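The structure appears below as structure tokens.
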Amino acid sequence: MSEPSAVKDALRNQRIETPSWGYGNSGTRFKVFAQPGVPRDPYEKLADAAQVHAATGVAPKVSLHIPWDRVEDYGKLAAHAGSLGLELGAINANVFQDDDYKLGSVTNPDPRVRRKAVDHLLDCVDIMDATGSHDLKLWFSDGTNYPGQDDVAARQDRLAEALGEVYARLGDDQRILLEYKLFEPAFYTMDVPDWGTAFAHCLRLGPKAQVVVDTGHHAPGTNIEFIVAFLLREGKLGGFDFNSRFYADDDLMAGAADPFQLFRIMHEVVRNGGLDERTGVAFMLDQCHNIEAKIPAVIRSVMNVQEATAKALLVDADALGAAQRGGDVLAANAVLMDAFSTDVRPLLAEVREEMGLRPDPVAAYRATGWAEKTAAERVGGEQAGWGA
Amino acid sequence: MSEPSAVKDALRNQRIETPSWGYGNSGTRFKVFAQPGVPRDPYEKLADAAQVHAATGVAPKVSLHIPWDRVEDYGKLAAHAGSLGLELGAINANVFQDDDYKLGSVTNPDPRVRRKAVDHLLDCVDIMDATGSHDLKLWFSDGTNYPGQDDVAARQDRLAEALGEVYARLGDDQRILLEYKLFEPAFYTMDVPDWGTAFAHCLRLGPKAQVVVDTGHHAPGTNIEFIVAFLLREGKLGGFDFNSRFYADDDLMAGAADPFQLFRIMHEVVRNGGLDERTGVAFMLDQCHNIEAKIPAVIRSVMNVQEATAKALLVDADALGAAQRGGDVLAANAVLMDAFSTDVRPLLAEVREEMGLRPDPVAAYRATGWAEKTAAERVGGEQAGWGA
Amino acid sequence: MSEPSAVKDALRNQRIETPSWGYGNSGTRFKVFAQPGVPRDPYEKLADAAQVHAATGVAPKVSLHIPWDRVEDYGKLAAHAGSLGLELGAINANVFQDDDYKLGSVTNPDPRVRRKAVDHLLDCVDIMDATGSHDLKLWFSDGTNYPGQDDVAARQDRLAEALGEVYARLGDDQRILLEYKLFEPAFYTMDVPDWGTAFAHCLRLGPKAQVVVDTGHHAPGTNIEFIVAFLLREGKLGGFDFNSRFYADDDLMAGAADPFQLFRIMHEVVRNGGLDERTGVAFMLDQCHNIEAKIPAVIRSVMNVQEATAKALLVDADALGAAQRGGDVLAANAVLMDAFSTDVRPLLAEVREEMGLRPDPVAAYRATGWAEKTAAERVGGEQAGWGA
Amino acid sequence: MSEPSAVKDALRNQRIETPSWGYGNSGTRFKVFAQPGVPRDPYEKLADAAQVHAATGVAPKVSLHIPWDRVEDYGKLAAHAGSLGLELGAINANVFQDDDYKLGSVTNPDPRVRRKAVDHLLDCVDIMDATGSHDLKLWFSDGTNYPGQDDVAARQDRLAEALGEVYARLGDDQRILLEYKLFEPAFYTMDVPDWGTAFAHCLRLGPKAQVVVDTGHHAPGTNIEFIVAFLLREGKLGGFDFNSRFYADDDLMAGAADPFQLFRIMHEVVRNGGLDERTGVAFMLDQCHNIEAKIPAVIRSVMNVQEATAKALLVDADALGAAQRGGDVLAANAVLMDAFSTDVRPLLAEVREEMGLRPDPVAAYRATGWAEKTAAERVGGEQAGWGA
């Protein structure tokens, strides 16, 4: 257990990045349910993100998705973010919503399509130059639907080539964050299905390539915190895409489906030094809110990550180490569970008050009337959604 | 093993119903990839289905989805089907693509929405009266995304009430086919997640309610053929929605992901009398073709069901029974595997030629030039997709 | 949220039954690791169980496993239990550890073996008469390892016949608790793989047959609390076998793998009246402790069930119902999460002190020196294990 | 599609290694069912393995498990193997059946236990020197049962240290084959849970360390053939432990649960050059036969691997490549399925007859009377089982 003041410091300093697409309309393959007041452009998304930061004090960064957040002048968008007390965070490349990508983007059998996809990735680096973003987050929907559809190894060759070209283009303080996902949207095999594949590619690329762990992207039974510990040990954990799920679609609020798992993940982060800013671990949300109100859902997600972090910080490391070294299974487990069983909401309320915030971020947001205001004002135009 | 002529008779008599929505555009939550020549209305979908029947000789029935296949005059649509050598099959009610259904249809906490949903189901029975369809297929996307969101038991009460009202409206030769699905689109719990739930409701409703087994709707590790055998034993297997999947989305061609599983399912069907028309087991496809050409994909799916059926018919029942009764594990398994290892394509080619068809349905379809013709002609208008 | 005093009453009155086999040696298929001081006979197991009850005050009942707990005189064993402040609980029939059962017990293709198995079940009812036990818990390891090995439907016939014979033998205040399990030890299919199968058999048997939910017996992704709510609504939930697991073997302490799931289960129990003694829901543990000390592991498991129950009792039912009826997804979820986030350990400590117990049951047990004493005294003889 | 003669050559040259433990008694955690005629020592196991080779002609190698196959003089055992027309294959180290290993072997928190475990591994290399074996197969049951029980990263450090010491001891033509397994026997986390972990360690160790893919060791939904292709591309596929399973325990005959998956795996092997002896890919079985006769079960497993290989060799590579490059999803899949649908049993019968063998290996074995002979002769002594 860290000193109380150290715990508070760590909670105050943790930054949780929110995704621009979490503020827009979204859904499942069956239906997108529209909500009133949803932003119509990246500027309005930033305005919503500013509400989350105002309420929580720890969410100043906003991830963009290109082309969903395409604007004419990224410098202007960054400046607008600054004027709201925000910064632009990771640039998420999107090479999955164009008819050309039906059989893949960077791994497509057609060289013309691959060229187009890589050019988009290079454009994203240009955007990073303009926005001052450090992270290029790459998730590829590439894969195949049927056995035999394409050559698995050849697709790896194409992937490696594309990544190499993009890596070479990175600036000194820029990096690739490579994401993996087991099973979707390609039905038979994804081209980056698991952390091992992402890790192997990052290793070849070099120090500016790291793996992103999206908590919703694993096979049933996978021990995610093991992967987190392993990647931290290898210096290859670039960050998290937090969200949760019970089975497939991974758009529930972080910590909603399995708060104990989120705690175990944060325990490995704390234990292996991942809260130290110098490790560069980015704590990002990657989720959409299909049936619940979006801004309070993002706020709740930020709070859930904070609560898991607080509990992880409260683990009595000395007692844990002693029990572990002594082989006392029950005692070691009990040390961890003691921290998990603790109600950390009062501690976080205190931290917030010391930061000049209201203790309950959801109530703080409700009190602003922002939801009513935007529902009234944001009429006409097209509300942002996937692909909007 | 049945007599050769009995095997051929069974293959000739099996009917495989194809879904109107399999001919339209479809995709994942990430992207719908459009294809040229896709139908623009139910009449064009029937024209495509007629191609499948022309090539295979066993697919005269077409399932409709309401409202996707809404027309002014269902009698006229049925007559049109008849003129193409087709009949209209199951009516699939759709209560999941209206903003009102965000929190459920027949299980919605709001009585107004429940009324609307039940009215739609009753409308579907009216349509059945007009089309001469016997089966009302009910799949509810209803469920909840978050623990606590709604009361699990209260939703069952509402479901039971809605089903009871619809059941009472059924005509003498009409039935409810109740489908179940584990995990989608509701993230936390579905209101009809498994066969046990569907079975319990059907039992209460009475003899005109039966369970549909969609092969893509189970948890990993579920033994689907056990469910098939169990429901047949209870007289409660209404039919199949065939398709396949490796993990989540279940839109691959039937038999594409696990042909051995499809064979095992058909083995239980054959063993337990389910090929006998009098049991009323409906062999339906429920799949969409996101990246492959649609008509040949449906043809291939029909062929896959036929091949699995043929292999199941070739199981030497006497030898199997003897080995089973004798407790000879390897011998019993070998009898089954012998049938599975058999290449039944020549047998099916023979059956087709005896029916006056070409032996290779895919080649037969290619030879018609239908794909080129429809790609050229079906321009303008809106191509059918989910919700089109 | 119930009144504080009602919450305490409920916690004081809940009974958690512990399993005799949890006190013996156990392991995986790879290795059983022996521990010092482990009981050598049913009498010593009861002595250990009495320690758990002494420390927690809520665990007076002990389940037996026959033949593991075979004794000459069951009346004497019951009297011994009484002298320790305990009662004998459910009788667990064991028809899986005899070479005769290689291909099944009550579903074996060989009628001689089936007769032997049913006779054992009838013997167990005799034992219940002698011990005063009300519950016959039936878990069948029966199933097949290979497709084709035996006839799935015929095995259901045999199962139904065996259950019918045993049901007819039950006394007025005796019942069958039928358990289901997806995948083990039969590799291809279990004969009672899921709740639907158990439910269907219990329905046919009559009111004295109910389903047991073992929390470790489901496919990945299964929503167990849905099953609990459904069975309570149908009056068919007989009880729980609590334990936990991350993937396969289900011998971890209840609540250890997913405390949020255990809370959600108890929420459905509370919400649907299952804490009311008159519903007859039995709260049993079914777990073994392979590498951790056994008695404190049982104590911790009891505490985990209590903590989940306490949190479920603290759910503000009025606020929850209002949010649910209003369709406020986030508010409804927040009501549930508020209860889960609460640290209920102080409340339970208070309840214990009011019962004249020490607030921390694990510390109370440690203070007795029982572990040291039994390690010193229980030497010689054969320590109890599976099959001992 | 390779030339017919090349297909036959490949089938004739493939070597499938059988495991000594597949000939002994085995079971699940619930029960080991004994069979008559089971070997009582490593010499008798070799005699059984010789029957498999006599019947199939492709199984001359036998894997040993130490200490299950401990003998005084390994040179003598190797000579005995030679006299039977066999060679000794991989040495499987076993550091999981000693009470000392309750909390792990090479990752145990206690340095004394780690030393003991590493010494055992070094002993195994000595045995390799004596037997002429080239492969040290390492599967560690190490892991933890409860969150917090031990430090995940520290265990990786210990693992790396142990592997390094063993690696340094390897001779020029010896290698480490490192196995991974997701979920058993450790309940919370395994120390080598997935291919990524094994791969990362092998990469650090150097060229004499490669990964073994056990087909039964993955999470549900994992695409095993992707891993195979990836490892072959990286030069890090050391071999296979073939077996199959439907959910957890992985002791079914290779190809029994999902023959299509086995075919897809062999397709990636063929496509990526893995049949070439120079790649060093070892085709090993790792399975036990709990309820079926052991020798014929091994024979059937060998045949299943051969059939999958034959089908993979029959894939028309030119047609496949053309369809893949052209983006014709259905055509590419059809090429693969054509090969899978082919009945290759006649081809393999022909290959066997050309090798001077009977066409049906199971019948050939039955004709020897070996089962009856050993059942009569092998009485007295202790039959081999796990730990025997």
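Lettered A, B, C and D in written order, each chain numbered from 1.
Going forward, contacts are C-beta pairs under 8 Å (C-beta built on N, C-alpha and C of every residue); 3 or more make two chains touch, one makes a residue touch a chain.
Just so it is clear, the structure is predicted and the values come from calculations on it, not from any experiment.
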Steps needed, at minimum, to go from chain A to chain D via contacts: 1
Shared interface numbering between chain C and chain B [over half = same, under half = different]: same
Chain pair with the higher count of C-beta pairs in contact (B-D, A-B): A-B
Intercentroid distance (Cα basis), chain B paired with chain A, Å: 38
Approximate Å spacing (C-alpha centroids) for the pair chain B, chain D: 40
For chain B, residues contacting two or more additional chains: 103, 145-147, 182-183, 188, 220-221, 223, 246-247, 256, 260, 291-292, 329-330, 333-334
Overall pattern in which the protein chains touch one another (line/ring/star/complete/other): complete
Of chain C, residues touching chain D in the complex: 27-31, 33-34, 96-97, 99, 101-103, 141, 145-147, 182-185, 187-188, 220, 245-249, 251-253, 256-257, 290-292, 386-387
Residue ranges of chain A in contact with chain C within the complex: 220-221, 223, 246-247, 256, 258-260, 291-293, 296-297, 300, 307, 329-330, 333-334, 340-343, 345, 362
For the chain D and chain A complex, residues of the former touching the latter: 103, 109-110, 145-154, 156-157, 182-183, 188-189, 193-197, 199-200, 203, 218-223, 225-227, 229-230, 232-234, 260, 264, 267-268, 271-272, 320-321, 324-327, 329-330, 332-337
